[in-house]
Amino acid sequence: MAEVKLVDVEKRYGSFLAVPKQSLTIEEGEFLVLLGPSGCGKTTTMRMIAGLEEITAGDLMIGGERVNDKPPKDRDIAMVFQNYGLYPHMTVAENIGYPLKLRGFNRQAREARVAETAEKVELGKLLKRRPSELSGGQRQRVALARAIVRTPKLFLMDEPLSNLDAKLRVTMRAELKHLHHELGVTTVYVTHDQMEAMTLASRVAVMRKGRIVQLDTPKMIYSEPANLFVASFIGSPPMNLIDGVISQGTFTAPGVNLPVSAADRGNVVLGIRPEELDLVPADGEGLFSGLLYALELTGESTLVTLREGTTVVCARGGADFDAPIGTRCALVPKAGARLHLFDKDSGERV
Amino acid sequence: MKRIFLWWGERALLLLVSCIVLFPILWMFLTAFKRPRDAYSISLHFKPTLSNFVTVFSDPWNLGEMVVNSVTVAATTVLIAVPCAALAAYSFSRFRVRGRKFLFFLILSTQFIPAVVIILPFFLMFRTLGLLDTRIALIVVNLAIVTPFVIWMLKGFIDAIPTDSEEAALIDGASRFRVIRDIVLPMAAPGVLTATIFCFILTWNEFLFALILTRRNAVTLPVGLVSFRTEQGDLWNLMSAAGVMITVPIFIMALLIQKHFTRGMTAGAVK
Amino acid sequence: MRDRPLSYLLLVPAFLIVLATTLYPLAYSFVIAFREWDLTKQNRPGTFVGLDNFTYAFTEPGFLNSLWVTTIFVVTSVVLTLFIAMSLALLLRRTGRMHTFTRIILILPFAMSPALIGVSYRFMFNPEFGVIAKGLGAIFPALQGVPWLASPDLSMAILVLTDVWHWSPYMTFMCLGGLASVPRETEEAARIDGASGFRIFFGIVLPQMKGVLMVVAVLKTIFALKMFDQVVTLTGGGPGNSTETLAYFIFNVGFKWYDMGYASALAWILTGIMMLISIWYVRMLLSERKVATA
């Protein structure tokens, strides 16, 4: 267990700047998720921590020790790869036992530890199989078992669930969370799935174009997005973002008239989550009035999309909501709904 | 109707292709078991005999010596070329080395240099060193042809192996050499085997170098064929027997690794 | 990945081999190419003669003949091989027991020693007891007693035949590889749009095969330029010098006449031709790969 510190770390490939200079501290025992779209530098950042990529500039500290020049094998970390990175020519038991073998454990000690670990991830019956004979979920467990068979200072997980089907992903997510609780090892987890990030993390670092644009708890990331990028990336369906202007305490956009407590300004984006909107009859006074564009039943609720001119707004209505397409409807913010205002040019929160 | 016609037409064409490919080989095998008298007729009615094989292995042909030469030269060449090429191919495939493109380009280009250019200076060098008509000389020149080819082929194979497992091993605590030994080699084994056999075949069939560099002691099988062209004319039955000796080991190897073989043929070129 | 020193270290053995077995001899022969050196008269390289060996080549009938012979050989064998390989690939593309069998059979010609191929074709085309010569004579009376290998044109044709027989299978596998990389969807889309098989091939498949076919053509050209083995065992360069390819001619100059200077110059002319083609080829490969990874 250890604290991980990146100090002014930078990564360049030749003249291409993959990850610009930045600092990040991952606290002891923390579950930190690096979240962002593909190509945002999250995997590169993790690979630098792992020692699979050289660090162009800056310092990387694990447990207070500078490890820039240490090869991966001397960093005492374990990693789970997106494609699992299993050893296809070894059995499950050999796969799990390989880290122990490299550390000079004798055969008996190895077998005992492997059996114990395999039980923990419910692989006990598959120890003699080869990876090619396993299902995706089982391979995932082998990769996990190989990581937890010893107690490293740090776990790294690179999109470990992305190759699983949707149902299995949810199950494995819970298992990962439980495992972290049980072992308490500092974990860095890379994903592009905001749901994974929200459910697993103690803190989330949202990354974009190599930079961390917000670093906070899942709760704060959801309720106080620091900028338009985070606002649009977190939440499903995403936050409604409406371009407009504020004058004399009212936000105006096509179909929208909403009192806000903010100074007058043009070029502003109003954000409000679909969960915080209520559908009202068309003749009622609302935040937004528009024609019904689409209805999507998700089971526990109905996603209602309204449209007026260029403005499109989505709201979460009750599962029993139904109306013909083209009907005029209106939306009002729920009591206590949070309105977010962003500067359109900089994308920053106002 | 049309579909049935097409179905049979396709099979008939395939059969024709197989026949065209097989016929010269089969004819040679048949001739190898014919008496001299039968060899000069195209009749299929003949009493098979092993006498041709007995003859080629005895004086004055001594095919046995040539077999030993061919095996020694091909095996040694392979044993030197494949490990060296495998290391280089791994490096080319996995590292972003400075000047890598240039080096790879250089090595690839040498594959296209005509053998006849290299053989002139080698002939002169070996003459000075007294190495003409030795197996060492043949091994050295064969390395020139085979090494770049194997690098190219193995790079294709290694490129196709995902790096995940190697990285996992690095993190699990293995040194780079340990990774190569424990992870890369077992995973690349089919590729290495294929390259080895390709390399063996190339060396085994090599003709130009052996023709120029050998006279009596280090003659290999393909060059040995020429010696059956005597003043009494070409001794077809003996040539065929020698031909069988040349082809059988190679055919067995090629067919054993048939699946990888066709992949190896296209490795590198179709990317 | 990391480990810079190791990455260089791994290259060292292979690079030393290439250096010693290719680059050094190349340099040596380059030096000799500008000298006079009759090996029957002297043991060391003779006087420096500048470009004489090169200029002499282009006035000498033997060289000019071999240049012409090589050109004819390369063009016919490349065109035929390409055509046959592509046709075979299309034929073998589908799956079936007969298809699998033929694919396996196709490995054999490539594994066969070219010298031996020359020998066996020489045997089969012998007018008195060759099975092909006799067989053709029996089927087509007009072909009875044709002196196959004694006629300049026919022996060239047989030389090309042996080469096509040897290389077509290999090139077929390359074309099959290329065909496999043509996405089925585009073809199926075209079929649904109502295109005929003929149009699908020329309009959809062939354009996507362009890259592979180029590679096959260039590779085959390079191999054909080196043609030597079958010339020795099939025709001996004859009748006359009608099948004397460049490689065979250089071999004669060097190892029958022992004119090392001239042979080296000729070898360098051949190298020049091949280098131009291979540089073009490697560049094409690299740029194709860039497109593929982009």
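Chains: A, B and C, in written order; residue numbering restarts at 1 for each.
Here is the rule we go by: a contact is a pair of C-beta atoms (placed from the backbone, for glycine too) under 8 Å apart; a residue touches a chain by one contact, two chains touch by 3 or more.
What you are looking at is a predicted structure, and each value in this text was computed from that prediction instead of being measured.
Here the chain pair with the top count of touching C-beta pairs is B-C. Ranking all chains by how far their C-alpha centres lie from the centre of chain B, first place goes to A. With centres defined as mean CA coordinates, chain C is found 56 Å away from chain A.
Centroids of chain A and chain B (each the mean of its C-alpha atoms) stand 54 Å apart.
Rounded to a whole number, the gap between the C-alpha centres of chain B and chain C is 16 angstrom. For chain B, the set of residues that touch two or more other chains comprises 167, 176. In chain A, the residues touching two or more other chains are 51-52, 71.
Contacts with at least two other chains are made by residues 1, 3 of chain C. Against chain A, in their complex, chain B makes its touches with residues 162, 164-165, 167-176, 178, 182-183, 186-187.
Against chain B, in their complex, chain C makes its touches with residues 1, 3-4, 6-8, 10-11, 13-15, 17-18, 20-26, 28-29, 32, 39, 88, 91-92, 94, 98-99, 101-117, 119-124, 128-131, 134-135, 165, 169-170, 173-174, 176-178, 181, 212, 215-216, 219, 222, 225-226, 228-229, 232-233, 247, 250-251, 254-255, 260, 263-264, 267-268, 270-271, 274-275, 277-279, 281-282, 285-286, 288-289, 292. Taken together, the chain A residues at the contact with chain B in this complex read 50-52, 71-73, 75, 77-79, 81-89, 98-99, 102-103, 143, 146, 156. If you check the complex, the residues on chain B that touch chain C are 10-11, 13-15, 17-18, 20-22, 24-25, 27-28, 31, 39-42, 80-81, 83-85, 87-88, 90-92, 94-97, 101, 103, 105-125, 140-141, 143-144, 147-148, 151, 163, 167, 176, 201, 204-205, 207-208, 211-212, 221-223, 225-226, 234, 236, 239-240, 243, 246-247, 250-251, 253-255, 258, 261-262, 265-266, 269-271.
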